[in-house]
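Following this line, the structures themselves.
Look at the two complexes coming up: chain A is in both, with chain B in one and chain C in the other.
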Partner chain A sequence: MDAVQSILPYILPGVLVTLEISVGAWVVSAALGLVLAVMRDTRKPLITLPASISVEVVRAVPQLVVLYIVFFGLGTLGINLDSLTAAIVGLGISDAVFTAEYYRAGFLTVAPKQRDAGLSLGLKPLQVARYVIIPQTIPFVVPPLLNSFVGLMKSATLASAVGAPEILYGGRNYMETTGHVAPAAVAIMGLYIIATVPLTRAVRSLEKRVQMRTRV
Partner chain B sequence: MTGEEVLAVKGLHKSFGATSVLEDIDFSIRRGETVCIVGPSGSGKTTLLRCLNLLVQPTRGQMYFHGDLIGDWPSSAKPRINLTKYRSHVSMVFQQFELFPHLTASDNVSLGPRRVLRLTKKQADERALMLLDRVGLKPFASARPRTLSGGQQQRVAIARALAMSPDVILFDEPTSALDWEMVGEVLDIMADLALQGMTMVVVTHELDFARDCADRVITMDRGRVLEEGRTATMFESPTEPRTREILGLSKAQSRGRKRDQRNIS
Partner chain C sequence: MLSKWLGILGGGFVVTIQVSAMTLVLSILVAALLAMMSVSPWRPVRGLASAYVDTFRSIPILALAISVYYGLGATLHHLGIEPLGTAVAVLTAIESAYLAELYRSALEAIRRPQWDAASSLGLGWLATVRHVILPQALPAAIPITLNMAIAIIKDSSLVSLIAVSEITLVANQLIAETFEPTRIYLLVALLYVALILPLSQVSRRIEVLVARRLGLQARTDQEKTLQRLSIQAEARAG
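Our next item is the complex of A and B:
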């Protein structure tokens, strides 16, 4: 119990930072992923090509490397982001290439004739996306997006590499200050299990509900 | 009874890759006219309507809207007209209704007026209610499409098309996906529209509707126009033997098969 009490001051501020990073990166990922998916959906080479190339490139590069590029690389270009912002942007970009695929799979569930129906009203292609296609994909896209949030909570530990004071960063401080390893490891593991297991289960039951609804 | 030319194509061809789907189509429709297009499955009727609405671009040919040349393929890579604006004047009713499943009946109808015609929400909602009333579905204004019958869904789709105050409505086999007992309720609305002077192109297999409501009938086969003429002429003295078959006039078919359909409604 003493160990727990002595470790909390190190880790609790980190919990907040981890949440900030994962929520922030999630928002970046959801928004950027949508933009990429809509770009790839236009079937105009001038628009789809840049989107496809950036997706392929980012997908090929490890998250930590993307994080370094955003933090150190942009710094050499004179764009200095603090470690928290860099973590949000870097992890968000890494994740967006996967989110884009979720949206794309969602778009495929909408019949092409729905697009015709929207266009034949005189809606512009982006309006068709916004008012006709995207709303219909929401039930299919929400579960994988929530899963990606769980993933980002875990990836947030990478942010310690650029000095963002998240959970792992706090834990390491504790280890270095006290010389004890086990309590920090157990506390961090415990916190992650508490945060992610219920969420993962909730997503799974949501997925089942979506499948049920689409069958009828 | 009919006015100036609304929409016309001359020498229209359409191919998908190496497959030629439409060949040398001449077509025009005047204000207030109802033109029925009849032909076997695969003859290119849907593709013709999609060309007329510029959902696909013709491969060759000229297209005129109110007498103005709006496209000349293949020389004009793009139509000489604002596509979205053009489409808002040319409404479409689909075989499978294609209502937006996430929107209520009323929102299906008001989407175009709000986002394309830029009416206020209140004005668009009022228009939607008025049109749903016109197709007999006011009580279903807040129903989702999947809770409606096929006939009701198609009536909502007609209200959605009308909501744009279009110059012409293109119907693509509007009753083919319906159970027989719902065919009548949709045809009755279309017959009313024809009487009220709406300009309509109707692809259909409902020959009695064509006979009663069309000013002109066009028969199509294998991507070509077989024959066209005034409705009475087409049904009474067509020149092409194939037209007789398509319009159900050949001896084998006329033996009793037809008359029963419309009398049910």
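Our next item is the complex of A and C:
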């Protein structure tokens, strides 16, 4: 009981920061991913090529390295982000290249005829994306986006590497000040299991429902 | 200067590849075992496998790595186990859970009637797995495993935080001397891209080949992309 009481002040504030990072990075990822996907969908080489190249390249770079580039690299260029913002931006960019692919897969489920129909009605390509394509892809895109949120909650631990006070950062502080590792380890991993197992299950059943509905 | 940096980073990259290769081999073994357990006819065995997979897929790699390193680092050091061994063990514990889940879905893609047909021929569970299920599941496992290899290489950068001198840690040390984070980290990124981009191209080719062999040939570009994406999305660890 003592261990629980002594550990709470280290872990609890971190829970909030972890949530801030994962929600923030998720918003960055969902927005940037959509931009990249729409760019790749334009069929204009000048627009598709930069989007495709950045997706391929960023996808090959570890999240931690992207985070370091954002935090330390941009700093030398005079753009100083605090650790929390750097984590949100870095993890968000890293995740966006995957999100972009989910959107793209979603776009592919809409028949090309519909785009042509939209264009022939006089809509601009961006309007076709906004009013014709995107609304139809929402059911396909929601489950992978939720999965990516679960992934980002776990990736938020990387923010401790640049000093953002999330759960693992607090836990490590506890380990270092008290010399007791087990209580902090159990608390951190236990919290992650409690938070992610039900979420993952829920997403899986949502996925099944989307599949059944679209198969009919 | 650049060639000197590349030499130093290259040394770290060799360690990255070592850690990843060891993790991959061990993960394949553990995941194959777990996947077999998850299609076993005995409920407790299935339960054990799914408990392992659910647990280790929920734990962030870095949280496990730091806990093991801080908690057991000194003990392990006395036993002669270096951070590299700890790193491989931690990465394997988690990556094998992701890989097991992917292998399981490859096994489950083989329809129930085949199991029933095999058992009506008098084949036992093990014989069914060996002669009926595995030959069909193995081709699908190849691209899955390759995608996992890519995920493992990327995740191995995390063990820089538990004192394994792979490329990310070597880069940090180099930056401490040179104060050139932008260029050095970009160089690191470039090395990762140089290793992973060809791997992902190969894995894409193999996916198409396997799909063709299994008669799942994608007829349109749309189907091809969807097929590839579903495999990639599943293989995303961390």
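The rule is short, and it goes like this: the second predicted complex is superposed on the first by the 216 of 216 C-alpha atoms of A that agree within 3 Å, B and C clash if a C-alpha of one lies under 4 Å from a C-alpha of the other, contacts with A are read in each partner's own complex, and residues count from 1 in each chain.
Everything below uses one rule, namely that a residue touches a chain if its C-beta (ideal position, glycine included) is under 8 Å from a C-beta of that chain, and two chains touch if they have at least 3 such contacts.
Computed from a predicted structure; not experimentally measured.
Student: After the alignment on chain A, I want to confirm one thing: do chain B and chain C clash, or do they fit together?
Tutor: On the superposed model, which is not a single observed complex, chain B and chain C fit side by side.
Student: May I ask you to name which of chain B and chain C touches more residues of chain A?
Tutor: Residues of chain A touched, chain B against chain C: more for C.
Student: Could you tell me if A:V132 is touching chain B, chain C, both of them or neither one (first, second, both, neither)?
Tutor: In the superposition, A:V132 contacts chain B only.
Student: Which of the two partners, first being chain B and second being chain C, lies in contact with A:L121: first, second, both, or neither?
Tutor: Only chain B; A:L121 stays clear of chain C.
Student: Examine A:K113 and indicate which partner it touches, taking first as chain B and second as chain C; both and neither are also allowed.
Tutor: After superposition on chain A, A:K113 lies in contact with chain B alone.
Student: Once chain A of both complexes is superposed, is A:I69 in touch with chain B (first), chain C (second), both, or neither?
Tutor: Second partner only, chain C.
Student: Look at A:A86 in the shared chain and tell me whether it touches chain B only, chain C only, both, or neither; answer first, second, both or neither.
Tutor: A:A86: touches no partner chain.
Student: Between chain B (first) and chain C (second), which does A:L146 come into contact with in this model arrangement: first, second, both, or neither?
Tutor: neither
Student: Chain B to chain C: minimum CA distance in the overlay, Å?
Tutor: 17
Student: Using the touch definition from the top, list the residues of chain C that touch chain A in their complex.
Tutor: Counting only chain C, the residues touching chain A are 54-55, 57-64, 66-67, 70-71, 150, 154-158, 160-161, 168, 175, 179-182, 185-186, 188-189, 192-193, 195-197, 200, 222, 225-226, 229-230, 232-233, 236, 238.
Student: Residue numbers of chain A touching chain B in their complex, please.
Tutor: Chain A reaches chain B through residues 111, 113-114, 116-124, 127, 131-132, 135-136.
Student: For chain A, which residues are in contact with chain C within the complex?
Tutor: Residues in contact with chain C: 56-57, 59-66, 68-69, 72-77, 98, 101-102, 104-105, 108-109, 144, 147, 151, 154-158, 160-161, 167-168, 171-172, 175-176, 181-182, 184-185, 188-189, 192-193, 195-197, 200.
Student: Which stretch or stretches of chain B touch chain A in the complex?
Tutor: It is residues 50, 53, 55, 84-92, 94, 96, 98-102, 111-112, 115-116, 160, 164 of chain B that touch chain A.
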